[in-house]
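We call the chains A, B, C and D, going by the order they appear; numbering starts again at 1 in every chain.
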């Protein structure tokens, strides 16, 4: 007997996320919940984090957010479990280490710091909606470990394949 | 609509916890789950953390563990959600900030660091099975904020009163 | 050849430090510098941290401050090296782990969290100007490892004895 | 009066650093010390961190290392001040926030996480010996803020220009 649930992280743009990117994040959140996986994000009420959490809750999933501040101020309303760290950017490491698999939904500097730590810590990574330069950047350090996906359904297929192998 | 669940932390002795203390922690875990609250602990497979998580799972609750290491090695089998921090002792701060209320079940050095941060961060604290010196130590810094309980049922009554006022 | 300097931490009250306590912290800072040791504090421009740093600089010493915020705002002017962590209370662990020996100059909740981590991490601890309850609290967990000093000169004698043994 | 010293971080490859890269890091360390700046690195006894610290000490400089472990084990012999964090990869954030300017000497996953946090936290960044893809990766998020240098002397000229403007 082991109570442990599979945890999938969705990282990505905050304030600068486009509507299209947030729609993709929403669907990813839904799909994660439908698989019975727990969604983990950076927890804030903006961008990809918020959209993915909203999608997961719409599908009846469980959502965790690892917050940078020392209180729940600014947390997404769609979190079951806000983890309040007070660690600022250093919380990015906690986001990553806690996940069985990480999906980057768009790429910015915060997400870049997370994906770098994920690859260094041997957490599987799927990139979605990232520029060719971003994909090549990470691939140069991690041949065969960075999975580039072309759309949400492709990302979910890769995730299922990886997590089935682990399970 | 807000998905947020109430989170109650149970902190306490690890390797050096007595059987009596672990039995108390098990019942506290059960009672927390019966109230519909989420249990949060330091997540390791020993002492108060493990016993409280086991109790909460026996009552169908949801359990979170904030682990000090960079992997899930050494985690309690009774965690739904292991949060893997890699922060060592610095994860004690995350344990505390994430809780709506903290119960100390016995007192050691790790727990002391947590209760000090809890009182400094204005998280309500209930002490159970702590020596008179330990109770006086914390009361000297926090008049009226450190709640000393005489047994598990008393601790749970105090917890309900505090969380009803917040909710 | 090893460039490593001996680092002595001075922890203690911030906003609530009395003038008498700050005078003691100033002299401790001086004495640490006179021994050729590096002073490490929590780095803020208040209370014991600021006074100790001021004393060390007056004696030509080197001063390090481990700051909780993400910028140098609020740092003591008497720091050579501000270490900017952005970790909030979690930086207390960094304060302690970096020291060869820790002196508590007065006791509050922040200092309590630090002394607890110091004893747990086997860093020698000297208590100065702490209440009898505070001294007994830490002694119950660490027989023979918590050194209670009666005044600044006594604290410095204990420090010299401990660090000579290590060196 | 303000005792504060200018701190320049040198980040870069660890185990996988080539001899040529380590020679460049050594010279950078020397130049930093000659300018009267303090050198800050990740502190381990390998690769760019060790070489830069060795160079700085050869030129009579002051060296700080922010270590990932909970003890000084594995620290470079060329550190005056080992800061022991016990934070694992989360210490990368402390490396960056503590610097007035950061030089990346080669690029790997750890360095990538640091440069991403540096740009997000508005610390000036100079890239040395990084691939074209790496330079383009960071430039896409930070137009005009990532400075690409062609050799050590060029990197030092850029550093002097930036720090003169700040000073």
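The rule we apply is simple: a contact is a pair of C-beta atoms (placed from the backbone, for glycine too) under 8 Å apart; a residue touches a chain by one contact, two chains touch by 3 or more.
What you see is a predicted model, and the numbers here were worked out from it, not measured in a lab.
Set against the C-alpha centre of chain D, every other chain centre is closer than that of B. Centroids built from CA atoms put chain D at 40 Å from chain B.
The centroid of the Cα atoms in chain C and the matching centroid in chain D are 28 Å apart. Under the contact definition stated at the top, the residues of chain C that touch 2 or more other chains are 70, 85-90, 93-94, 97, 121.
If touching chains are joined by edges, the resulting network of the protein chains shown connects every chain directly with every other.
Per the touch definition, chain B reaches chain C in the complex via residues 87-94, 97, 108-110, 112-114, 116-117, 119-121, 131, 133-134, 136-137, 140-142.
Across the interface of their complex, chain A is touched by residues 70, 85-90 of chain C.
Of all residues in chain D, those touching chain C in their complex are 1-5, 7, 38, 57, 62-64, 66, 70-72, 75, 77-87, 93-94, 97-98, 121.
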